[in-house]
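In what follows, subunit A forms one complex with subunit B and a second complex with subunit C.
Now for the complex of A and B:
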């Protein structure tokens, strides 16, 4: 991998970051029913207090000045105060992000494993019944709304069989005697949300994996391997799969944004105290500083994930140098 | 005049060949029938089965299926089967109109970007890439909350946020068509840019746009259901997402009231699946990259 490639990708990431920051700025200022007017109206505040609030948040200045001020605040990691919690947004976001990332990480592993497996089976038996079955299954999973899957899992495993917790991250009010007991409690609470979020993204991975493997299987070196008399199974797993996995790296990164959507639904159904649930709650309470901060943090996470994927891709695929 | 007739003949032949190939694609045919089923239900269902969305308290609250209410009642005593039939139209309408907006924007940006090339191309594509990375659902939720959740606004929001895939696809297709001899000929004869884009490039990117369109519809329907479930839909109109929200917030899940959340969820899955099957099979037939080598 060379420096030109790296700096080009870094430059692209910075442009995206700039677009995100700018959209974030305007979204919360020029929309009809701007957040400030709404909160002032909702709280039945006096005109003087409105003025005071307006000055405090800087809403009474011209846009360019507001924008520069906003940028300066961002550099200082100052996302403002939450209307609802009366705490700095940054303090709230940190913990929430961790809860979401741990959920997302395990779900991601589950989805990559399952997606690769289904996609490989499908491609290896192209046109056979097993291909139709696994592709059909993948498209079916793809069509299920994540929140609905969560509801059905809860109705089965929590309500009907009563074997898994309904929601939350730990049993409320439980005194965890040791770290081990705490971890076990969290793990039990993680099972259903992980399955929900994992399956929500498995369908997409299967389809990509199948397409990618089908592509690789037509290449010359595979024909050569076949002519040499290697077993079909070895050709698919040892020769084709490593190369077919390459596009998955990019897809996993691009999927990060899609996954956040799944996380919002999953966390809402299971009351998982992550950033997705925070977005939902903030929207219900019209807590705009939280929303703005959460949207920015989520976007930055996605941009960083994409950047890492680009670097990884350049490292894994030497051909990219000549791009 | 004869060249026009000739062109029509060629197009007709191409279309017939496409239909022939499509008939052999079981997945696509199944998807087609699923969609036809929901369209029929959406348009003829209300004529056969009477339902008034404002009919609160017609039955008991969250009652299991009975003769009068074949799929039970919701938390406000309304008939669930009626709401499902009504919801089919809402989902189809939002899906189709949001797709039209999205595909319109995507095709426009894609054709202009691919045909103009140079600076215009790189600016448009940087913007598209930047937009593509944005987490869609939070963005859609925020936009829907600000604009207010009338059906029209939801259609606009969904359309404005889902054009990036189409734009990229159309651009790459435009780039390859641009290099073909007949474009060169048109330019040398003196055809203007607008003429070439609308008369030569657009008809040629159309097949690919078409298959992409159907997949966009599937996503739009899924997203609309999610929005309604999260309380950002139009509460005045019963949609499948609205039913599922009612089931979730009223605790129907803990009550084991399956009739409240299973049928609505299955409706969403099968309609989305219908569009996905159809779009996927069109893609296999029309996308030269996917054709069996």
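Now for the complex of A and C:
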């Protein structure tokens, strides 16, 4: 890997980001519906009040000026003001983003770990009973709808056999005497949603890992390694696994972006205060500034995740060079 | 390079293995989990937890429009006049009040010694500022204040409210009095965006923390002028779905639920220590018709014939709609003001109701017959009774189920209906922005104890504004103006009944049902739940503060 590769990838990411930002601006200005009716929460306003609101949200200026203003605001991390809450979008999005990121990140790690493990076992013992079992398990998990799994977990571990929290991120209204107690509280609340969301993606990872590893295991250098007398375990883990990880990196990167906005089922079951639910509520209330901010954040996450994947690629596979 | 690769891999596996192991191991955790949270709370204050599914939109009464916000304001703020447990007006911030002989000047004597949360004295300036601001601006409460010209300060604890004409609903005004010392310096522009994180009110509970999307936490106000609450905190816990909300009630995470979904009622009733009540619904859901007579209306002109609308109203099996769409948790609808409001509700006679034969007779008499025998009636010029029906699918299944029954009922009398499904925003757009491009739709309203607000929706003034059917009737408009000035209650009831009769005869709406709101609360942990109105009303989401002031741990 070299600097040119890094800087080119960075450059590409920035261009993508700029395009997304621009589309994001125009998309919400050609959306149907009278924004003023939404802002005022009533139809048919008096002309003066419309003017007042128009000035409040800066809609009274020509497009290009609005666009420049929008760019300048973005640099200051100002995403405008929510129609529904009449508060800065950033205030509302910030907390939600943290909630979503912690959920998505931990669920990802769980899924990557479990998926890689199951996939590797399956491929290593291809055709054996253990392969059938682990592949079967993966397919089973893969086909369970996340919301159903969530509800089942809740009724089992929150109502019937245990008292794991089923709602929100912390015990509602509790004072947390120290950060440590806060983290413990959040961790307890994370258990069920993480299992739900993690398992939901584990199945896919297992299947991809298995397929990719099987491919690699048929390559010539593996045969060579075997001929040299390496142990089977070493061949799988040391020789085959690194190459088999390449497709996984891509899938994980795509999945991560998707999870930021797409964990809505899990968020709804556990009332997790994440971005997915916020987007849904904003859509229902046609709160365009919030949607705009959320879309941008989701896009940035996808771009960053892909950028990291690109770097990992260069690292995992030294053959990848940029000319 | 190879070494590095191995290292990377090893790290990945290292992270992954224990995590996946503990992922599986979480299953054992519940046993451990049982003690901490509850154990630690023993020494803690008495907290009442109420599960909600809708969050308020703002902490400022000048911004918020959602019912969830009104419930929050009920805890934090006070009005000049409130309702007692039998819906009679009693003094809130006002000690007493008188009205001049000509009915144009109301004098309010305010209670002395009340303090805002921040320690400032409450006085006439706060009332004067709030009333004048709401009257002169465009705020959610402004329609209630119609007819008020100005509010003036007489002395520190006396204000006069002047009106153009006698105002029958003066005692029904529910405008939260806001602190002039905080809001006073703001311009009207600023008021449209200004909100406090910890609003300063005079109420029984103070909002101390609002974690958006999670919970709202209120602390009791020990100096509340009607007496300190007997609990220390109220926490509204936000749930994203009704299933886990119910499970939280079951396992004690919440002590009360403001609105149980109908499918959970039987299950909830079977639980020990939980009381389930069904207060009469202060609401109605209607099948609305496009009654807009303006040339730009895109509605089917046949819908302008009241006979067709009455026939439709008569053809609907509303009991079946209640049974299927609401699982039976409601009352078939008739007049505009729901029965829960009391005397203002107009009782229909026995002739009213489901009667397909009568509906067909009405259509026959009006000249709508099926001449080409395709099952759909036509008028004399061959225009078919074929209507578009907008149905919102995003508000739960009741609308969708009701729409199916309506379609079938109308088919039985020779009217064809095409259902177009959409979300709430799209429907508003059809009506308000695309020249009313549909013929029928479903919509619902909450009702207030004073009938003026609901009655005003149907006046000609409101066409294109709050009216959703764009119906207009001169006699109705005149009666509306009349009732608003009728300070004599009996006379006013008479006029209000007449207005509802006109609506039944003209049928701009077919009122489908009044839906029950099912509340559930724990009686094993708390006592003092108070139903308002006494015996039949709500205990969790009531118009006054009775429950939150009476409730105490058991």
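Things worth noting here:
The rule is simple: the second predicted complex is superposed on the first by the 235 of 323 C-alpha atoms of A that agree within 3 Å, B and C clash if a C-alpha of one lies under 4 Å from a C-alpha of the other, contacts with A are read in each partner's own complex, and residues count from 1 in each chain.
FYI, contacts are C-beta pairs under 8 Å (C-beta built on N, C-alpha and C of every residue); 3 or more make two chains touch, one makes a residue touch a chain.
Since this is a predicted model, take the numbers as computed values, not measurements.
By the touch criterion stated above, A:295 is placed in contact with subunit B alone, subunit C being left untouched. Shared-chain residue A:268: touches subunit B and subunit C both.
Look at A:19: by the touch rule set out above, it reaches subunit B but stays clear of subunit C.
More residues of subunit A lie in touch with C than with the remaining chain of the pair subunit B and subunit C.
In the superposition on chain A, A:284 makes contact with both subunit B and subunit C. Once the two complexes are laid over each other on the shared chain, residue contacts for A:159 go to subunit B and to subunit C alike. By the touch criterion defined above, A:178 reaches neither subunit B nor subunit C. By the touch criterion defined above, A:148 reaches subunit B but does not reach subunit C. Touch criterion not met for A:76: it reaches neither subunit B nor subunit C.
Taken together, the two complexes place residues 32-33, 151, 154-155, 159, 166, 268-269, 284, 286 of subunit A in contact with subunit B and also with subunit C. Those residues of subunit A lying in contact with subunit C across their complex are 32-34, 37, 40-46, 49, 52-53, 56, 81, 84-87, 92, 95-96, 99, 109-110, 112-114, 116-117, 151, 154-155, 157-159, 161-174, 184-185, 188, 191, 194-195, 198, 237-238, 241-242, 245, 267-273, 277-278, 284, 286, 315-316, 318. The residues of subunit A lying in touch with subunit B in their complex are 12, 15-16, 18-20, 23, 27, 31-33, 132, 135-136, 139-140, 142-148, 151-152, 154-155, 159-160, 166, 207, 211, 218, 254, 256-258, 260-261, 264-265, 268-269, 279-280, 283-284, 286, 291, 294-295, 298-299, 302-303, 306. Contact residues of subunit B toward subunit A in the complex are 26-27, 126-127, 129-139, 141-143, 145-148, 218, 222, 225-226, 229-232, 244, 247-248, 253-254, 256, 258, 261-262, 265, 268-270, 272-273, 276-277, 280, 290, 293. Contacts from subunit C toward subunit A in the complex involve residues 1, 4-6, 8-9, 12-13, 15-17, 19-20, 23, 26-27, 29-31, 33-34, 36-38, 41, 47, 49, 57-58, 60, 63, 65, 138, 140, 188-189, 192-193, 195, 209, 211-215, 217, 233, 235-241, 243-245, 247-248, 250-251, 253, 394, 423-425, 428-429, 432-433, 464-466.
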